[in-house]
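Note that the chains take the letters A, B, C and D in the order they are written out, and that residue 1 is the start of every chain.
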């Protein structure tokens, strides 16, 4: 997607402004139209606030139409018929394009139950979730009353828009829509950071395949050059970080048992705050390790 | 198997003594015959030393016959034809009666390679191993020269006999053939041992299914009433201990994130000393944990 | 003090029974007289329960006389005039015989304030306290009303009696009057218990000299042969455990910086439950350590 | 001291250049004279390299004169007679102006022994040391042969000059003469950094008074706003970091024992690399803590 600067948006014709923001909210150019007159915006946070206010102050039937403009999640028929580029990418980011049979069945079941109960599609900001947490969110929200779900749908549309806006518009300020997952390996046997350790991040799935979503090798400071997840929200979900510690010590000729007491160390944890910073370090010797939620 | 006391063995007729010990060494009553005259034995360690000496001082061709009296490991044909009760139980204890196809193929391959190279069956004290470590031991020993392997086979026969003797004979002293795997959960959030935590011990397998080999719940002292493995050698191999920590804190209304940062905690480690004591504790809060090889 | 068995007490003449227990409660043989008729006692707990009941059911003026039979704490004049052997030993055990000037002044101040307010001596079971915690307890209790303090004094007399009884009488059962402080050094650098580490236990004092109250060396299991404090109540107070870790690693030629990053490691903690079990282990490498309240 | 930029030094007259650098090497303007002709210097590292080369290539008798131009350490007579401002500040920075009697006696003894053996004053870059480590260095160097000590003295003069140059000259590049000591408090009870914890850094002294050399309070990220030591070399020596943890948890109404199991936590460690980065964090709950050499 080609990006555009805020100042270009501020000085564009109203028509160009609307065209540029057309898909920030799914199939709903009227929202951009409403806020075009409020230009210039001092920053992207101001622009986003204006869009959000336009959505939230819309009449109930307009809001409902907006909600209904959204596709079902993981719906094969709709996907075949074609989603917006944005919807497609978002759904794929959570792995909704490669569900196991059990997962597909679970999604179909909750989609139908949701539509039956509320008459609207279930809307969630997919980039803030893993498959597992979408299904969990689904189950929770199915227990709500209709009014609550209309409000929740509007909220989630706001979150989706914020992320699309963040990807589209270049500005001096940033929307607070990104989280960060980082790690650090300290070798307490040598008293130094542990370089050269292979690290693998796996997103765990209850019904389908767990999948490796990041691979890295620790640098001289025992960290990874890039965060394991960064520049996007952290998908709510359960994860396993794996560290190849046996190989690291073997290469350094540290005396170990055979097989080594510790070899590949798994740290299993959950992410619940998509915009948070999760630091999950490993303090390790050939005979011990510890981890904690750091900062 | 009915057990017999050392004093009964000491006072039995030579024929009864030999009959009682017949299967301590696979199909080789001549060994018991040789040591019958050395009675009485002051303890089971003395009896075992005598048996071992008889084996080790036997002529090379007698040793070879002894080695050849042993079955192949995980050989379906031989199993169908019938093993001694002892061999059968030993092989089952390591899960050799329920191999995956990949494992079965691996065993067949190494068995054949071993017979081709050395002309004898591969002998290993199965109760000291997991499937994975047998395959690993196999690969290592395939690189030996024939003379080394004859010696290794005799050693392993000694270990097998020690375990059979330990199961058969009741004496005041004990053979040092047992190991112990224990755990302990300390709740550093409350400063107390953690009771009621479900613990699961999984034996990991590279080629086949990992299998749960023990389940327990921690008692008021944060320990399990029985060792996770005890009263037998610890099978060399890789393991995962799982602790249901999320449930424990949820039941105590400890403030956590949703989903909880820590829920089921896996500790992965290897055992390399079958007669050792492995203590693998968990020190835990809702936000941190550590483990180490304890004592 | 020579000890006596419960069965001897049970079969003694009433006069001998009373004589034997005379000093279990300071200057108050009437208590033993009251319970002599209830013999035989099945255990020391039963005997103690009877003594306690006798005290608690006594008339208020008798209780007050009992309270007034006790000396002031750390009172030089009374000490010069002579205390019972038991009182003397108890006060010495907490170091009340070697107070610093500041401590002596503090004790005199609170003793006087207490007598002025309540008209009775301040009574506390000294063996359950350090100097610091007596002063702290004093300050707290000075804020009570008179009725509360009479009750507290009787309670403390009960505790003192229990300890004197425990020292005097040999029985099959035990009074729950002892605590235990233990430690354990695990060397996470080698994956083994750490033997030969010098350990020192210091009782910290706010106003006077801190004093070493135990010295030990870890055995092959990384523990001390005897608990650091055992066979008595743990004095409430603040402590520092010191471990000579630098020497341990230097002797093993473990690579360290010069001076070693860790040398003598102090663990500072407080004891609040005299009858509890405090396990304060040290998990250590040349570059890291941790401790926790264990069990 | 007023500072000067490298470009000003590069363009100054030779006389001004020499005057500006006069005291970079104690009483030895000839060194600056020698390098003045090599200007312009591209950076402070180049300037320092030139000065160092001038010293190291000087004739032995010139080097000896240079060495003898230095005062004794902690010498009251010389201090009364007056040191250069630089020497005075350096000696004070290590506390040499306020020695205990025992320390003063120790310094006098080693100064005399050193002069007796080598005929030169003992020279050490004081800012890289604590009192204790100077005495330790002294003892070690007393065992050297004269030739080694001449070389060591020249080395230390180089280090002293580097630090004086670093303080005097403003340039785009920096000399690598600074270390850093930092800490971080993670509250594993709440899973968050611990703000508002009072931290005290004490330099430990074997013979004299230990002294508090830094005080700080942790910020919202659990760190201190400034490093505990920074912008200078870390004095080699033994330290204790103290954390007021009991107060922190009490303010948060966390359930604790009375007195709290952990209150003021001391971490004792040594610094051996003056130009290194020492990160000494505290991971803590009311019942456990750990530390390690971090990065």
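Convention: contacts are C-beta pairs under 8 Å (C-beta built on N, C-alpha and C of every residue); 3 or more make two chains touch, one makes a residue touch a chain.
Quick caveat, the model's predicted, so the values are computed rather than measured.
More inter-chain C-beta contacts link the pair A-B than the other of A-C and A-B.
Between the two copies, chain A and chain D, the Cα superposition rotates by 180°, quoted to the nearest 5. Chain A and chain B have CA centres that are 46 Å apart. Centroids built from CA atoms put chain D at 58 Å from chain B. Each chain gets a centre from the mean of its Cα atoms; for chain A and chain C, those two points are 58 Å apart. Touching two or more other chains at once are residues 188, 191, 257, 261, 283, 287-288, 290, 292-293 of chain A.
Contacts between chains leave no pair untouched here, as each chain touches all the others.
Within the complex formed with chain D, the chain C residues making contact are 133, 136, 236-238, 240, 257-266, 268-270, 272-273, 283, 287-293. Interface of chain B with chain D (complex): residues 188-191, 257, 261, 283, 285-288, 290.
The touching residues of chain A, when paired with chain D in their complex, are 186, 188, 191-193, 221-222, 283, 290, 292-295.
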